[in-house]
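Should a chain be cited, it is by its letter among A, B, C and D, assigned in written order, with residues numbered from 1 in that chain.
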Amino acid sequence: MLEWIIVLPLLGFLINGLFGSIFPKSIVGWLGTAFVFGSFVATCFLFRDLLTSLPGEGSVYLRVFTFLNVGNFHVDIAFQFDRLSAIMALIITGIGTLIHLYSISYMADDAGLYKFFSFLNLFIFNMLVLVLGSNFMMMFFGWEGVGLCSYLLIGFWYKNVSFGKAARKAFIMNRIGDLGLLMGLFLIYQNFGSFEYTEVFAKVGRLEVGTEICTAIALLLFIGAMGKSAQIPLFTWLPDAMAGPTPVSALIHAATMVTAGIYLVVRCEAIYALAPFAREVIMWIGLATSLMAALIGLKQNDIKKVLAYSTVSQLGFMFIALGCGAYTAALFHVITHAFFKALLFLGAGSVIHGMHHEQDIRQMGGLRKKMPITYLTFLIGTLAITGFPMLSGFFSKDEIFTAILSHNRLVFILGLLSAFITVFYTFRMFFVTFHGTYRNHHHSFEKVHESPLLMTLPLLILAVLSVIGGAVNFPNYMGEGISGGLHHLLSFDGGGRFSPILIFPEQSFEISHAQEWLLAALTPLFLTIFVVVRNKYLVKAAVPEADADQVGLGKVLANKFYVDESYDRSFVEPIELVSDTLTEYVDEKAFKSSFDGIGRANQYFGSLLSRVQNGNIEYYLVYMVVGLCLLLAFNLF
Amino acid sequence: MEVIIIPFIACLCVSILGKRNNIWLSTLFSSLPLFFVYQYFQHLDSSGKWISLFDHAWISDKIRFTLAFDGLTGLMLILTNMLVPLIILAGIRNDENQVKLTALTLFMQAALNGVFMAHDGLMFYIFWELALIPIYFITLTMSGKQAFKITLRFFLYTFVGSLAMLASLIYLFLHTADHSFDFESLRAVELNLNQSIGVGAGILLAFLVKIPILPFHSWQADTYTEAPASGSMLLGGIMLKMGLYGILRWYFPLAPESIAFFQPWIIGLSVAGVLYGAIIALRQKDMKRLVAFSSLSHVALIAAGFFTLSAEGIEGGLLQMFVHGVNVVGLFLVIEIIERSTGTRVLGELGGLAKNNRICMVFFMLVALGTMAVPFTNGFPGEFLLLKSLYAYNHNLALLAGLTIIFSAVYILRMVQFSMFGEGKKAMSPLSWNEILAFVILAVGIVGIGFMPQIIIDMVHKSVLIIATWISEANGILS
Amino acid sequence: MNLPIPFLILSFLTILSALYVVTSKSPVHSVLALIFTFFTISAHYVLLNAQFLAVVNLIVYAGAIMVLFLFVLMLLNLSKEIEPIKSNAWAIAATISAGSILLMITAAFQVFGEAVAKNPVEGIGLVKALGNVLFTRFLVPFELTGILFLAAMVGAVLLGKREKKPTELSTNETINP
Amino acid sequence: MSSLTIFNQLEISHYIYLSTVLFSIGLFGVLFRRNAIILLMCIELMLNAVNLLFVAFSSYMGDSDGQIFVFFIMVVAAAEAAVGLAILVLVYRNTRKTDVSVLDNLKG
């Protein structure tokens, strides 16, 4: 069963990639979807088996073949299906299926449809390799593979030069992270002599808390996570990645790939548990990312950009949770975030589709009447992401804040601030898009239409999931029987060959009643902000200013804190300068000229010597006599 | 012996037939040696030692014409005899140069096979120089403005290096017990540290120039750029590997005592070269030049890996040698096709070629991925092992060298972007069958090795073990 | 040192005439002086009991070669030509060179030449003795010299032959006046 | 006074000095003069100096080989003079000069 999960998307990639151009368009999309759905079904069955018929084992292991065996270095192509990878695989194939389905209709007009679906399938394959691999090498394969697919899909509309630039930026930023990850892997192999999770973590388990090696590995791996999960300082690629088709943004840049960093940290919990300093770093970086992205999100006018910054911000939350040691909470948020962010992106895609590829929310307005299903589902998504009580986002955020509160008060306050800002900009986007009056002059309001069933169906499914997603891990106060599902799943120890995912028992985040009350008091605050936003954008029907009209802090925010510009100044331009200098001066002048200089010196001495050969016999005679003299003298003395 | 004679005869036939020669037939003949290489592999026993294939008294009874074969040689022979047919196949052009280029390429194939099989020091030197002759004329074929000057520089550079090697070999020869150039006799010479360093420096110089390692590289970029496509492919795909092969096959066994002396220098220079080539490649406009500098960067990493003296470094390096050959030939092939149909290979003047020619685009992407060392393409396992070996040697150097994975992504993607994507400025003509065939074979190589690099590792593993034993014996350590 | 008077006189004359050959401005005078030198050398041969060579020397050198020289001089009408005198620097260079060679060869003989034992054999310089050696041990070289001579003769004739095309000559003249 | 008695009073070194001096004079001429005919004559002079030495050694050592060599040298000298003069005539025809310094076409 495990092999089918992985092989099916690969097959889909190969079939669509090689023969897609000769298939009719209608088949291509369904074919691609079918393969992912098959993979999803296989995952479900295997997951069921894992929970029921394989209680003692804890995981399914599949070794395919030896990839490399050099000296002491041995690594297999091998897969491991345990509870953590099962959850990730379910998200990937599940959400993946929905998004494939959505894309059939969304991308129907595109000439490169088969290409699109083959890339999507390739992405699913790589993502599955990432989460199902049984060793760090496999993870790295998937890690780079999804980066590649992300590149291919962001630059899907290759004729647009700026899209191509965004794609390259994404790939290169990811590569920077990958270098850190790679160094981390080397360090792991050097110290533990293996890449297999089970062996490495078994050896890690014998170390003490605060071991330097663990801290170093943890930090290096986190650099990789920074790149993939768009944390400061490697976050700038994600908003640019919105250049890709919207389903891509939903699948890759919201629901799955960007959460690979969280998966990495959760997977290496054994290491991070021993590296409190690294966790502290993760927490602060997550917090900074969350705040910064939320602030930038305040002033974005591109519907996808707003969502992108909100994704960055939410990822920041997940890392805060990881930093506090709340792995379950982080993973929980990954799941719920996958639901509602995919929903929001697909909804945005629906809007863009209905608006004939208009993405600027200032050009929209009043769409509620024209696209009721999209409106409704988008509203659910918005409520979920803002943490409206009893929706999925509420539970996962709640858990994160519980963890933060018991860890660090300052972080709690700042994180809360970030969450408030989330409410602000999400509703701002929502109101400006769907309420008020229609503001576009190019397309008449009549032409705006609701999306077809193929697109609204995934929206509806995701909306339902966004509502009930909290059931995955209800907090304790919901009752003993139904609460903490995810937590139990991850801490499960069957005593078999594989130890549980969370080797070190997660610290429980018990909070006092006062603190519970504090948390409960947050809801009115949320509502207050909601009212403020509603008042400004719905009642007063304010329209955001153009970027050029921004002043003061607004200008800084609209320009994304000038991060891209400062990166250009501090990294890109110096390197280009160095490159030019090396080309022009060092390579041409120094190296080549020095070699040519040797040649020229030889030529010069040659021309000096050639004067001796002046063709005049008298001189030759003198030379001969002198030579004879020297010869005799040499023999005599 | 067959693998030298067949291309040589084919070369003569092509020269005699002139314009009537058939490109498919030449391709067939140049790929025939692969069959014999397969047969040689059947003769190998489990010890991994060299087996003698041909042995005949030559200049004297002691200086013999000896050809031998082992896994290492086998790998290089496969590389050579796989790439040369592709180079010939892809080199179809309807002008007078075609015959000349084909004949010279076949001659080159014979000489290269000789280099890799020579078991006698003098023979090695002679084949080494013999390989220089055809490439000299190939490079001169497309007489660009500066071709003569550049070719002369290339020739002199490599020639001076080889002379140093000859001097070292002769020095060893004079110290052999039986006055023989045979590999085993040369290896049996006991040298003290200073002698070893002197001999090693001479041998190494020839190889470092050929590879080329940082201060000796200034012939490379110009030569690659000016040479016709088949010349660039031969140079980048196979000839560079002569230097790396030489280090393993001749330098390590003949002067093992000096390795410790040269190790930090070579690794330092190599890592510098990795960064240097990569940084320069970032801003190149001429695609061939870009590939030349990227090749400088990649090959330097292999040299660094060799000198870490670890199994990962050496075997990973060998893997990467093979892979780099495939990738460089692929890149030059694409560039040649682009240049042939659009008349330019300058990045600013190209763009949007993906629209006309999807197959070319797919293949280009594939080679680009291989060059960037994306997992499941051929570039990854080798680069991973090399960086790993370097990491074990020195963390900081590995980090510096590791920057190449970022830089390579930058310059390769830049090249793909500005040639293939964006708005079309130029149009590409459709591919011919021979080009598609070459693409398919290379693509199979790229993906196949990406999934199963162990095949190549197994091929060379035993030979590398033997060399490693020699090194550790000479240095009194057992690793 | 007690040297025999005839040797001294002969040597003196030899060197004097040789110097005149070198220094004389007129080629004809040089030739005549050279012939005289050959005579004195022949006389030396007689002193050394090499009678056959003394005669041959006269016949070949004085009789044949020098006549050739004279013929050429007359043919080219060079007797009047005053060759351009070389600069003093050249004179000094030539003197130094020749002097150092003299010094070197003398020194060389000082080192190596003293060991020769005097062992005169009666009559080796006569025709009979020389002919015996020449036609037995040196037969092949002797025949070869004959061929050499023939070749030289053919060569000389071929070179000296006047060109058939006078126009070519005139163009050459304009090129090299 | 027969030649034999004079011969008995002579040492080999006398002839060595004499022929060396002669040789040097010839060499001086070759270096100093520019007229090709004089040059050829100086060469003859040098050859004769060598001949003289050959004969002297031959007589002293009682070995006739030396005289045979002189014989051969004469042959060669005659051939050389013949060819040399023929070339000279040719040169003169072309250049109207016998000055060797004119003939410098073989510049490096």
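The definition used in the following text is that a residue touches a chain if its C-beta (ideal position, glycine included) is under 8 Å from a C-beta of that chain, and two chains touch if they have at least 3 such contacts.
This one's a predicted model, so the numbers in the text were calculated from it and none came from an experiment.
Novice: Let me spell it out: compute each chain's centre from its C-alpha atoms, then which one is farthest from subunit C's centre?
Specialist: Computed centres place A farthest from subunit C.
Novice: Using the stated contact rule, I'd like to know whether A-B or C-D comes out ahead in C-beta pair count.
Specialist: C-D
Novice: At what distance in angstrom does the C-alpha mean of subunit B lie from that of subunit A?
Specialist: One centre to the other, that is 37 Å.
Novice: Between subunit C and subunit D, what is the gap in Å from one C-alpha centre to the other?
Specialist: About 4 Å separates the centre of subunit C from that of subunit D.
Novice: With centres defined as the mean C-alpha position, give me the subunit B-subunit C separation in Å.
Specialist: Whole-Å distance between the two chain centres: 67.
Novice: Let me have the rounded angstrom distance from the C-alpha centre of subunit A over to the C-alpha centre of subunit C, please.
Specialist: Using C-alpha averages as centres, the distance is 101 Å.
Novice: Which residues does subunit D have that touch at least 2 chains other than itself?
Specialist: Residues 27, 31, 34 of subunit D touch two or more partner chains.
Novice: Two or more other chains in contact with one residue: find those residues in subunit B.
Specialist: Not one residue in subunit B touches at least two other chains.
Novice: In subunit C, what residues contact two or more other chains?
Specialist: Residues 90, 93-94, 97-98, 101, 105.
Novice: Between the chains shown, work out who touches whom and classify the graph as line, ring, star, complete or other.
Specialist: Graph shape, chains as nodes and touching pairs as edges: none of the named types, so other.
Novice: Which pairs of chains touch each other in this structure?
Specialist: So, checking each combination of chains, I get A-B, A-C, A-D, C-D as the touching pairs.
Novice: So in the complex, which bits of subunit A are touching subunit C?
Specialist: These residues of subunit A touch subunit C: 618, 622, 625-626, 628-629, 632-633, 635-636.
Novice: Where on subunit A is subunit D touching in the complex?
Specialist: Per the stated touch rule, the residues are 609-618, 621-622, 625.
Novice: So in the complex, the part of subunit C that touches subunit D is made up of which residues?
Specialist: For subunit C paired with subunit D, touching residues are 2-4, 6-7, 11, 14-15, 18-19, 21-22, 27, 30-31, 34, 37-38, 41, 44-50, 52-53, 56-57, 60-61, 64-65, 68-69, 72-73, 75-76, 78, 81, 83-84, 86, 90-91, 93-95, 97-99, 101-102, 105-106, 109, 113-114, 116-121, 124-125, 129-130, 133-134, 138, 141, 145, 148-149, 151-153, 155-157, 159-160, 169, 172-173, 176-177.
Novice: Enumerate the contact residues on subunit B facing subunit A in the complex.
Specialist: Of all residues in subunit B, those touching subunit A are 153, 156-157, 215, 217-219, 221-222, 276, 279-280, 282-284, 310-312, 315-316, 352, 354-355, 358, 369, 374-376, 380-381, 384-385, 387-388, 391-392, 395, 398-399, 402-403, 405-406, 409-410, 413-414, 417, 420-424, 452-454, 457, 461.
Novice: Okay, in this complex, where on subunit C does subunit A touch?
Specialist: Counting only subunit C, the residues touching subunit A are 90, 93-94, 97-98, 100-101, 104-105, 107-108, 111.
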